[in-house]
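Taking it in order: structure first as structure tokens, then the write-up.
Labels run A, B, C and D following the written order; every chain starts at residue 1.
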Amino acid sequence: MSTLIRNGRIITAEQDYTADVLIEKETITAIGSSLQMKADKVIDASGKYVIPGGIDVHTHMDMPFGGTTSSDDFETGTRAAAFGGTTCLIDFAIQTKGQKIREALDIWWKKGEISTIDFSLHMIVTDLPEAHLEDMNEMVREGITSFKLFMAYPGVLMVDDATIYRAMKKTAENGALVCMHAENGSVIDMFVQKAIAEGKKAPIYHALTRPTTAEGEAVNRAIALAQMAGAPVYIVHLSSADALEKVAEARDRGIPAFAETCPQYLLLSIEDMERPDFEGAKYVFTPPLREKWHQEKLWAGIKKNTLQVVSTDHCPFCFKEQKELGRESFAKIPNGGPGVENRLQLLFHHGVNMGRISVNRWVEIVSTAPAKMFGLYPRKGTISIGSDADVVIWDPNTEHTISASTHHMRVDYSMFEGFKVKGNAETILSRGEIIADKGTWFGKAGRGKFIKRDVFAGAWK
Amino acid sequence: MSTLIRNGRIITAEQDYTADVLIEKETITAIGSSLQMKADKVIDASGKYVIPGGIDVHTHMDMPFGGTTSSDDFETGTRAAAFGGTTCLIDFAIQTKGQKIREALDIWWKKGEISTIDFSLHMIVTDLPEAHLEDMNEMVREGITSFKLFMAYPGVLMVDDATIYRAMKKTAENGALVCMHAENGSVIDMFVQKAIAEGKKAPIYHALTRPTTAEGEAVNRAIALAQMAGAPVYIVHLSSADALEKVAEARDRGIPAFAETCPQYLLLSIEDMERPDFEGAKYVFTPPLREKWHQEKLWAGIKKNTLQVVSTDHCPFCFKEQKELGRESFAKIPNGGPGVENRLQLLFHHGVNMGRISVNRWVEIVSTAPAKMFGLYPRKGTISIGSDADVVIWDPNTEHTISASTHHMRVDYSMFEGFKVKGNAETILSRGEIIADKGTWFGKAGRGKFIKRDVFAGAWK
Amino acid sequence: MSTLIRNGRIITAEQDYTADVLIEKETITAIGSSLQMKADKVIDASGKYVIPGGIDVHTHMDMPFGGTTSSDDFETGTRAAAFGGTTCLIDFAIQTKGQKIREALDIWWKKGEISTIDFSLHMIVTDLPEAHLEDMNEMVREGITSFKLFMAYPGVLMVDDATIYRAMKKTAENGALVCMHAENGSVIDMFVQKAIAEGKKAPIYHALTRPTTAEGEAVNRAIALAQMAGAPVYIVHLSSADALEKVAEARDRGIPAFAETCPQYLLLSIEDMERPDFEGAKYVFTPPLREKWHQEKLWAGIKKNTLQVVSTDHCPFCFKEQKELGRESFAKIPNGGPGVENRLQLLFHHGVNMGRISVNRWVEIVSTAPAKMFGLYPRKGTISIGSDADVVIWDPNTEHTISASTHHMRVDYSMFEGFKVKGNAETILSRGEIIADKGTWFGKAGRGKFIKRDVFAGAWK
Amino acid sequence: MSTLIRNGRIITAEQDYTADVLIEKETITAIGSSLQMKADKVIDASGKYVIPGGIDVHTHMDMPFGGTTSSDDFETGTRAAAFGGTTCLIDFAIQTKGQKIREALDIWWKKGEISTIDFSLHMIVTDLPEAHLEDMNEMVREGITSFKLFMAYPGVLMVDDATIYRAMKKTAENGALVCMHAENGSVIDMFVQKAIAEGKKAPIYHALTRPTTAEGEAVNRAIALAQMAGAPVYIVHLSSADALEKVAEARDRGIPAFAETCPQYLLLSIEDMERPDFEGAKYVFTPPLREKWHQEKLWAGIKKNTLQVVSTDHCPFCFKEQKELGRESFAKIPNGGPGVENRLQLLFHHGVNMGRISVNRWVEIVSTAPAKMFGLYPRKGTISIGSDADVVIWDPNTEHTISASTHHMRVDYSMFEGFKVKGNAETILSRGEIIADKGTWFGKAGRGKFIKRDVFAGAWK
């Protein structure tokens, strides 16, 4: 099976040129002007962009949370991702307290078997006695080369500074990368208790009990711990200027601190949490939405590479029956929102079309940098010879309005309902196979593979 | 009883002029040129400075630590302080876990009864359940308007972030000030365990297991917690550039963050901990001595008011029998060093004589700022009408060599042995009474009073 | 002649206490509680503050500008100053191109002969060939220990970088201080020409042609030149956050850079320049008013001592006939505004009453710091024994509305018309003589003396 | 004519993969794995890197200076460049005062006719009356899309701030880029005069009279002027931490400020200027070499993209007869040093081999970024379809010692004499033609073309 994509404008993190791309079996094998090779299938990409498929390194499919489960599983979630131009994602396996890490991995491998695109997993560690540190090395050998730790959610996911340090010290040896949920959970708990005691239970209090200072503090601490352990660190879903400054300051000192943000922090703000009729609950996730002025600081952070990656933290819960569990108190609202489908669209429109970033930087933050950061490059994340043919043909001119009524995610609302965007994925190839084309789905459950990842190539930037 | 000090050069934090000072009973009642009043006693201060007595806000007299007790009690320690020009100090009462705060206060009041100069106490809080928060208000009513918390020494003194926040929130209401020992104890414990496991037990490892990053992190966290609580915070014994930068950065944002350093951090460095024959143990205290280059950063911090106060953290243990408890492992060396007697001398010589600070700034950091910070001003800390006649006549020209063989502290070594200094206290008055004069002691145990302090006058700077 | 001020609350830059102050002849000779001395005159200051008289280090009396002359001379201007609590000022002698510095001094000494309060002069240097550098030393010997240079007004007052460097190099030797008008005049000239060419001639264009970046740039350059010359530098009338940051950054590096701002930059903003009926012209001075957000940055700069002094840049021109000279083009409006009378009132009300600064800091910025900076201390700038009895009795509770109809400045409008302030000078003593009391004038022309100043005591802060 | 480069490891600013590259005529037309196309010539690049040819944007061939002329002309200089892996350079046409810009261009076009590789020109502007601003647009139409201005060399090349602003304002309209020599020439002149007056005439005084503060100041000013003009700015040959901080600070605020440094600032230091026997003169260029500690700051600036480009400022003068012109005074030493041949070698060895930067970043700073910055991209600066086949086959393992006895530059010494480097260009193609191979020269004078450049693509980073 071979495919020839004719005449597209090929965009990578660096390049921008027009050529033909030849795919043989699952791999890109030639790029040239007017290639004379024959192919089983020819796609005319004139006037379109040819980009490496998006890589979303932060999703939560089929995840239990507070008595319910996120509404997308690996089939529906990856199908939605693909429609939006994302051809690979990294989800999270979760070790529960007392559980062996290996058992957690097996459970999540099982969940991932129905994936329609390639995927990998980070391992969330909640319990790390000295005796089990060796298990981290086993994970790395399995291609799980990143571990997530929580500085928030005391009593559930939060680990103390000694555990964080211990885990980082281990990654300093084995080359893996610690991903950090950085909020000071102890203090946030005090704010939450106080709010509830005072009867402040509406969704907006989810935000008001999680100040940006608590995020900035935790980011600073995470980086200090990493520095003492001699390890790099990657801050997930960075949401505020306070946190951004801490990353910037560390990078200025040459510390290998990295961070991602998400479209919701770039485009939504705390006002959304005050929507009437409990609709604010649709925007309850962690960290919470911030005051509007933070948005431009985050965009600036993307522009100058203080932020390397934009992921979605896709963790959908339906408004009906799921978000509604928290009608009586924000503390019972399942935390999370849907977004895996809209990342490339939103960043292209509000980033490239609005003049905030170049088209190369767009490809870099949605695909190339995630691949390099998490050991998928050059197999994924670029258009070059030998790379997996995870290729998206992107129409820069098509316009549509984001809506729950048309999206492919299995959730009954959209955080970006009514957003008009120009630019969308038209044809999506996963390892050479067209899995979606002009809105029609050709993929199938289980065709996605688990990808063993290399260790963090820390030197790259 | 009245005393007239004739013709001295009066130095305050702002002023520098020559005049006579009249003291009636315990109080300064008149200042003038050629005052015509009669007095019971006349002191000729020509060619000398007349300054407000030093105030040392960080001492540990008669303090139990690791099975022994600091070697100065309130009599010997205050006597030594007075000889060095310090006429008031604030020591620490220590609540042990499970103990009522009030009980701790009573114990330390008792210890202080033999003081030869006026004194007050900070309250060290190690255990602060919700139910006992109200006890903090009682302390304030008793004139104990500052509380010290530890971010180090897990299992002994360390409290968690939630406790710190709770205490700060309470001081935000009652006007007291939280003093913070800022080092990340959890991580330091990991370093210590590792060093000991590797057989690294010499005194130098006390320093090598307490990196400056651990101090900088904790300072940043303490300030973030204070900011969230809406309270000021005072960092004790700040020792490193890392920590200093965090204070500076907060002050630049207008946050009421304050800090003290100590002469040992300004004048000694980590090399001293490698002295042979276990003599490095003489320099084992916390935070540890740092690399030499930190010294000039700290001096600069004093000059531009990032550091407001210089205290001593006087906590003497004899080399024989006390420091020696740690011959087998640095972790068993009692933490602390002597210094209450030398503070004004060292800062005058290395600050004023060396051109680093003005004579006014010298008075400010050793007396005026401590008084303002801790609610003693204007009763103490200045030369003005109505103030307690805690007055020191300072000879700027006398020279001597600091030595354990001549000092008045009850400890068998000096951290500053062999340091030559120019400038020393000649006559020391405490509430109008001459308690020492040209090396002769006239004071007596028990004449010092416990001073009820006002709450922090946060607005002052 | 002696005066006893009874029972006032004496406020200095550091102190705050209640006592009696005895003045004999021109000097403060005693301070005490219930002083038993007799005096020719006794003033009851109960409930009032007793402060050192204000020192305004930036005024332009009787100054030629663009074919007219500032409307206050040294008699009317100093009288107004005194009514507002200012008992000493430093005006500017101006060397015109080609003129010998000495001649300029003689002209301005002559102008000052009618002063009602003590005064001194800075020397504005516009022409400094190598051969005349020696004249700067002569000035210092005459007590003119500060020189002002302009980076703005090309062709009139502006000097080039080589001249600035040369002058600074000379002050590095003789101890004097260079005061800098820091705006990039070359670029501003381009903006002005362009605006006029485009017919943009209303008063607001005075501000729009002088961007804050032009001020920030010049401040940075002035400080760099000073650093290379090994000299301190004092930035006059700093107006913007851009400029403030440059001073702060230099001070953080330990560079002796100092700056003043003026009440107009703290309390007025660019909107005032758009007042109808040409009234915007009342606010035409240089640097111009800025956007409102700069105000809080400047207040923060005062609080943390990035700005040491607040002066007025008093340079009044009547709206009628003087400001009106520029009806046809903003470039012809005489630059300057009145303010010498209102400085203490405005800073007390908007600083102390509004909680932005302490009462001690208020005294420091209006009196003590100016005195220390410009070699007048301790003769002026404090309440202490031996100091000139330039004393103001300040009623903190009296309220009034600032207005041209009641002020004492010889100018037909007030920049602060309608501002309500609480707190005003009640009794004003100049060298022991009551020159104004409760609104009645007792002073007279010519009683003020020219004060020879010491060189800059650079070490003080 | 076609060439097939087999099996090389292709390195671009982003990518790193193994493939074949097909060149037809002057252009890259296909890249693939095991390409089946036939070609006239096949090169086996196994074990070698295939990179885009280096682009040196700062050279001075055949340049008059102080009565002599730089010793390389466009033939010898470009030949040496090619041997070192550089296949395109941008030299400088120089307008002399009073000359029409167009005339300057014609003179330099003529000089360039003997170039062996493609080249372009920046235009140095020394005289820019209002009336001639339009000439800048003509240059842009000719493909001269960058202009260099001097803030140094008063009386010769230096222009005033108004001229700089005017030129920048024009580029803000026409899309060109201003390159700035940023040193405060006025102050430097004073230092030089003083040194000479004091008889300090050895080469070292060239450095001691040009302090880093004078560079930092000028960089700040250049950026401020650019900001006011709404134009980007590019700082040439940035040499010091002082200057770097100004660029970093501007970039943090989102200002489009860019900068290059040169290998000499990364690898040599002021000590080299004190070499005996007048050999210090070999290192006399502007800005001068700095203290050693600046080097690591500059490397860090490269790593985090504060510095985008490394050029050479190649401006060779023979030691004999040329440098010797300044035996009697450093002020007469022709300013400049040779380097065009060694740039890629030095940066590969000291950058990539030493672990300071990745191999991708190396390609970026020597080729891709220069191309993007100066309107040559994607024609030059990358390996992709449609690009000019300016391709270098780089042997990462070959070792040699840099020496004047073996280099190809027409100059009798090397600044890097004795430096051992690993990695060198093996085969050099210019638009598809092999011009050098394993040390043999196949190029010829005049084959290089003048390249019309596009305007600055300012958005790229």
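Criterion: contacts are C-beta pairs under 8 Å (C-beta built on N, C-alpha and C of every residue); 3 or more make two chains touch, one makes a residue touch a chain.
Keep in mind it's a predicted model, so treat the numbers as computed, not measured.
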item: Steps needed, at minimum, to go from subunit A to subunit C via contacts; value: 2
item: Per Cα centroids, the chain farthest from subunit D; value: B
item: Subunit A and subunit B, separation of their C-alpha mean positions in angstrom; value: 51
item: Subunit A and subunit D, separation of their C-alpha mean positions in angstrom; value: 40
item: Inter-chain centre distance, subunit B versus subunit D - centres from mean C-alpha coordinates, in Å; value: 58
item: Numbers and ranges of subunit A residues touching at least 2 other chains; value: none
item: In contact (per the touch rule at the top): chain pairs; value: A-B, A-D, B-C, C-D
item: Complex contacts: residues of subunit A adjacent to subunit D; value: 10, 12-19, 22, 29-33, 35-37, 248, 251-252, 254, 300, 303-305, 355, 358, 360-361, 368, 378, 382, 384-387, 459-461
item: Residue numbers on subunit B that touch subunit A, as the complex places them; value: 160-162, 165-166, 184, 186-187, 189-190, 211, 213-214, 216-217, 220-221, 224-225, 227-228
